[in-house]
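Both of the next two complexes hold chain A, though its partner changes from chain B to chain C.
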Partner chain A sequence: MDWAEKYRPMHLADILGNGSAVRQIVDWAKTWTPDSRPLLFTGKPGIGKTSAALALARDMGWEVLELNASDARTKAIIERVAGNSSTTTSLFGAGRKLIIIDEVDNLEGNADRGGARAIADILKEAKQPIVLIANDAYGVSDSIRRLCDPVPFRAIGVSTLQKRMKEICRLEDIACGEDALSAIAESSAGDMRTAVNMLFGSSTGKTSISAGDINTAQKDERATIFDLVGGVFAGAPDRELQKLSFECDEKPDSVMQWIEESIPLMHDPKRRIRAYGRISRADVYLGRTMRRQYFTLWRYATSMMTLGVASENAGAGFRTRIMPPSRWKRMSTAKKQKTVRRTLAASLAEGYSIPESQIQSQYLDLLSRFAEKDPAAFCERHNLDVDQMTIILHDKAAAAAAVKTVQQAAKERDMKVKKMAASKKAEMRKLEEQLEALRMQEPPVPETPPAAEELPLEEPPDEKKLAPKQATLDFF
Partner chain B sequence: MDVSPEIWIEKYRPKNLAEVVGQQDVVERLRSYVATKALPHLLFTGSAGVGKTTCAVALAREMFGDTWNMNFRELNASDERGIDVVRNQIKQFARTAPLGDATFKILFLDEADALTQDAQAALRRTMENYAETCRFILSCNYSSKIIDPIQSRCAIYRFRPLTDEAISEEIGRIAKKEGITVDEGAYVAITYVSLGDMRKAINALQGAAIVSDHVTAENIYAITSNAKPQEITDLLSRCLEGDFETAERMLHGLMYDKGIAPNELLNQLYREISRSETLDRRLKVDLIDHLGEADFRMSEGADTDIQMDALLARIVRAGMN
Partner chain C sequence: MLKATIEADIFRETIDAVSALVNECRLHVDEKGIRTITVDTSNVAMVSLELSASAFLTFAAEPCEIGLDIEKIRSMMSMIGKTDIVSLELDDSGKKLKISFGGYEYSITLLDTKTIRKDPNAPNLNLPATFEVPGAMFYDAIKASGMVSDKISLAVSADTCVFTMNAEGDSDRIKRELAGDDVHYITCADARSLFSLDYLKDMGKSIGRAEKVQIRLGTDHPVQFSFVYAGGKGSVGYLLAPRIEAD
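Let's turn to the complex of A and B:
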């Protein structure tokens, strides 16, 4: 059996390096009621999301229903499988069923048409605990995300990984030096599964492993993007650059962005503009490669961005500080903003029966005015969140205040409803008691016509007795 | 006498791991899996013709012995790339029990980087759910096209392009078995045209052997429609010396007398230029840019005669600066 499965943590207590996430999960599970919100686990592969969900079910003694991307997830299937079990309980006992929907960030494909909406519908109606799992929180459709409480999982620290590797070595009776362990821990980049696989791969058929065994087994012999960008700006010889760009496993467009990041730092304006000339040629070739799907052109792009930029920089004595492309950060912010804008437009479009595109292009300013007059009412009417209100009001604090007001009001209303229900119940009990007392006092006299004022006493209890009973049925 | 000639690639495909040439590191690890009868999921990456499929088949043969054919299945992902292939074909194979005394089966998924993102996402849980009965070996040219969750589930093996020595060794062995003679120069020619791709090398050898039992460099270049490296070097130096007329005559000789395709010429020119150790670096980058522009224009349907001549003219001018 492969070790990644063999050493999958069985209990939540065994999940490594994500203490706060585990605590959040445990609290959620212990206090779970049908009104609890589902959880959304997010994080890189191999850091324990699926394991945590399965361990949770085991620890709580819940049954598991798993739905992942290898099953077809069209609307119909999701509703059939999860829909049923989410609104009904197990036939036997009070046992709960944990529904795990894995890979919710991979729902948008054609084959899963309607899947996102079906999941959102299930989340709203579910009477069972639900955990959703995704690598990328932004890949999850907005309608799902807003119904869940996020539980971010983080990459596992080197020392934690190392400790775990040591334990596995002990269990498998393998002698493993510290150097080998740290080599594994470092090159697996916080991914427990990769680390375990690496250990498995390097130790197969051996009783002891050293750092040397690790390097031949795994991918760290390849060049990193840092080697490549460093080589370009440090004036490495052509042959070296070609080798580095061959070995480096980044996509050409991201290599280009890494190199681009350092060009503005070149001191000599003439060299700088020529370097930009080279990299923009590289860009042109990449664009042509992709547009025409003519992959021979790739090599020219690679040459222009590596050799080209290096040749313009030769002899300038310039050493760069290699940084990840800053545009990545900008892009992810922009991506979020775009999503917020889109969902905002969608809500408003529904509220005003105006097409989304027109809301975006023409009505946003006008609606901002509306909102400024009474932010809370606007917020409530269209069911907006803080991010969306911020766009409307251009003021984060005001947006937060408006949303808070709405939530407060909703809470109070909720309390009032509950109070009313409680007082009605009490009133009803009193009436019943009175009725009972009356019956005890006067034994039934069939011939006597009922007293006029007795009627209203008798009618309402009957009606009300039924109502709560139905509610209880629904509940269980 | 053979009735129909067999393709040498298949005829001489190694039957066991020990016969695989040029991937010592990889082979050594794979053999230890056989020794312990344990196997994680594997991801083979590397360019074409470096032994990915060969290693997968050889591994299965050694692992399963006589029943290998029943417990090993090869699927080419580039034929069917959608999510349905994962949900139907792959799951179907993965979930049935292994035959004979094998404890698991192996599914070899060739060109896995051709699978759509959706299909890859679906694959990752299938790999985990059926890990008891089925191990996956994925092969691809670029591991960056495989989604991270899958990479995280596999032990990754990087196949390097084969060295010239490894290719010569294999060519020598085949030549001996086939009873053909191969010139010293022909070995050089074969390694030159094959670029570390064993499939290309063996095909070139077989192609040349059909013409004559005595394989020469001349034959190899002709059969693979390559110009001789020396011809390319000469063409380039004529241009850089400013002798456009001679260069143009040489070019036409290559294109029309020898029938070498213009984009093949570009490939060879690119190789010559980018590997050159004598050219000035700026000049080199300029030349590569000119090549790329010509390549692009011809791919868009521009006239090859005009573009190739214009390319020579540009190289001449670049050499004058």
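Let's turn to the complex of A and C:
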């Protein structure tokens, strides 16, 4: 058995690091009611998210139902498996069932079409505890994320990793040098599974491991964009830069934007100008590649942007703080802003029966006067969220306050309705019981048993005849 | 080792009973016959089936486990004639099952039993009400209920000894009461649980063919159905977890 599986933590107490996440999970489980919100575990691969979910079920004595990315997760399957499971009790007498939906950020594939929607529906209806797991919280569709409480998991510290691996080595009876362990711990970057797999891989067929044995396991590691950009500005040798750019999984146009982002940090203005020259030359090649669909040109573009910029910086290498291209951020904020505006205009258009385009061009100012008068009422009438209210009110705090008031009111109303429904039901039940009791008492003569039997027998006949008749008509 | 022949009808009922809930199962074979017990993917329903060696026309076996892809067998069912004799033979490697009928020879690759989930332990449930109803009558009521709702409540009243099936939809309701000669009580006690009709419909096809089905019911507890087929030489048990009621 591979070690990652063999040494999977069995109990929540065995989960390394992530103390606050584990505490949050335990609190949630101990106080769980059908009204509790599901949890969303997020964090890098291999740091114990799935293990924590499984350990939770074991510690609580709950049954587990897992839905992995390896199962096809179409709408129908999710509804059948998770949907049925989350509304039924356990078959085996366990108190509850924990439903674990793994890799919810991976739902967008073709095979999973409609899956996100189905999961959101199930979360709303569920009567059993549910844990969702994702690597990237923002890869999870909004409709799902909104229904969950997030539990962030963090990468595991090097010393913690090392301690655990020492333990494993002891259990497996393998002599392992400190240097080897720290090499593994460093290169696994807080990923426990990778670390244990690396240890397993380098120890197969051996009884002792030294740092030299570790390399084999790193062979197919990929370079990151950070290595590449760092190399360009630190003045790495050409050969190494070429290797890095070959191993890096980014497309040349995004690599170029990453490099461009750091050029303003170069000290010498003349070098800066020349570096921009190289970038612009690389861009010309990129343009030609696309226009002619002749991808051999990519290599010139790549060389120009990496080797070219590096050579302009020759001798003045520095370590820069590498940032993602700021234009990405600007573009995504702009896009978000546009969507918010559009949805806002759509809700207002519906509310006032004015075309969206006119709302956007003429009425927004006027309507924001309305909104300022009574933000909460305005917000409720048009069912707006914080971002939309911010646009209308030009004031983030006021917008948040208004939305909060509305939500509070809705919650109270909900509770009231629930309470009323419950009391109504109780009343009905009481009435029925009284009726039943009356019926039983009616014939006070000792002939009670036959009379009691007669009564319900008399009623059913017409219904009894009706039901099969309907069934036969429809089915035969 | 397994070498057996069986009537097509019994074979079909065996496959139908299991395929109602699962796509694959682990078949235990020994001198006494075959048996399987398995839970559906969502852990909501369980099926157990036993077919004794005497139900086969010929039967020779040594103890072994077979991983069957039920879905594959079910899809070739239509090729088998009503009166055919089906012969089953496990090849020496134990990786293929040869199914022959009416001139066809179908060799099906078996699943590695390690890849099939572990057999569940049949839970020990305390279900107070035990009674028997005609299978067809039960299945008709299930089919009818499917028209108005996706769930149904099964209830027994200790006072009147009436077995009530009640399906309430958003707007419509179907109620079916069984009493008198239609129900034979072994123990009559108060019980009421709510179930998903999806599952009952799947199970119902097999139940509907049984002359009598024994139902064991509790309050907010799983329901157990058991019935025999193949002239009493085979037995099927279903277990279904109840729905959690809305409030």
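Definition applied: the second predicted complex is superposed on the first by the 266 of 476 C-alpha atoms of A that agree within 3 Å, B and C clash if a C-alpha of one lies under 4 Å from a C-alpha of the other, contacts with A are read in each partner's own complex, and residues count from 1 in each chain.
By our rule, a contact is a pair of C-beta atoms (placed from the backbone, for glycine too) under 8 Å apart; a residue touches a chain by one contact, two chains touch by 3 or more.
The model shown is predicted, which means the values in this text are computed figures rather than measured ones.
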Requested in this report: Would you check which partner chain A:355 touches, where first means chain B only, second means chain C only, and both and neither mean what they say?
Outcome: neither
Query raised in the report: Looking at the overlay, what does A:238 touch: chain B (first), chain C (second), both, or neither?
Result: first
**Report entry** Touched partner set for A:314, first chain B, second chain C, both or neither
**Finding:** first
Query raised in the report: With the two structures laid over each other on chain A, which partner does A:63 touch: chain B (first), chain C (second), both, or neither?
Result: second
Query raised in the report: So, does A:324 touch the first partner chain B, the second partner chain C, both, or neither?
Result: neither
Query raised in the report: A:294 contacts which: chain B (first), chain C (second), both, neither?
Result: first
**Report entry** Dominant contact partner of chain A by residue count, chain C or chain B
**Finding:** B
Query raised in the report: With the two structures laid over each other on chain A, which partner does A:97 touch: chain B (first), chain C (second), both, or neither?
Result: second
Report summary line: Within the complex, chain B is touched by chain A residues 1-5, 44-46, 68-72, 102-103, 106, 109-112, 135, 191, 193-194, 197-198, 200-201, 204-206, 216-219, 221-222, 238-239, 242, 249-251, 278, 281, 285, 288, 292, 294, 296-297, 299-301, 303-304, 307-308, 310-312, 314
Query raised in the report: Taking the complex as given, what residues does chain B use to touch chain A?
Result: 25, 28-29, 32-33, 35-36, 38-41, 82-84, 86-87, 91, 116-118, 121-126, 128-129, 131-132, 135, 142-144, 148-149, 151-156, 158, 263, 267, 270, 274-275, 277, 281-282, 284-285, 288-289, 291-292, 295-296, 299-300
**Report entry** In the complex with chain C, residue positions of chain A that touch it
**Finding:** 34, 63, 65, 80-82, 84-85, 87-93, 97, 127-128, 418, 421-422, 425, 452-453, 456-457, 460, 463-464, 467-468, 470-472, 474-475
**Report entry** Parts of chain C lying in touch with chain A, wherever the complex brings them together
**Finding:** 39, 41-46, 120-121, 123-125, 140-141, 143-144, 147, 159-160, 162, 174-177, 179-180, 196, 198-199, 220, 222, 239-244, 247
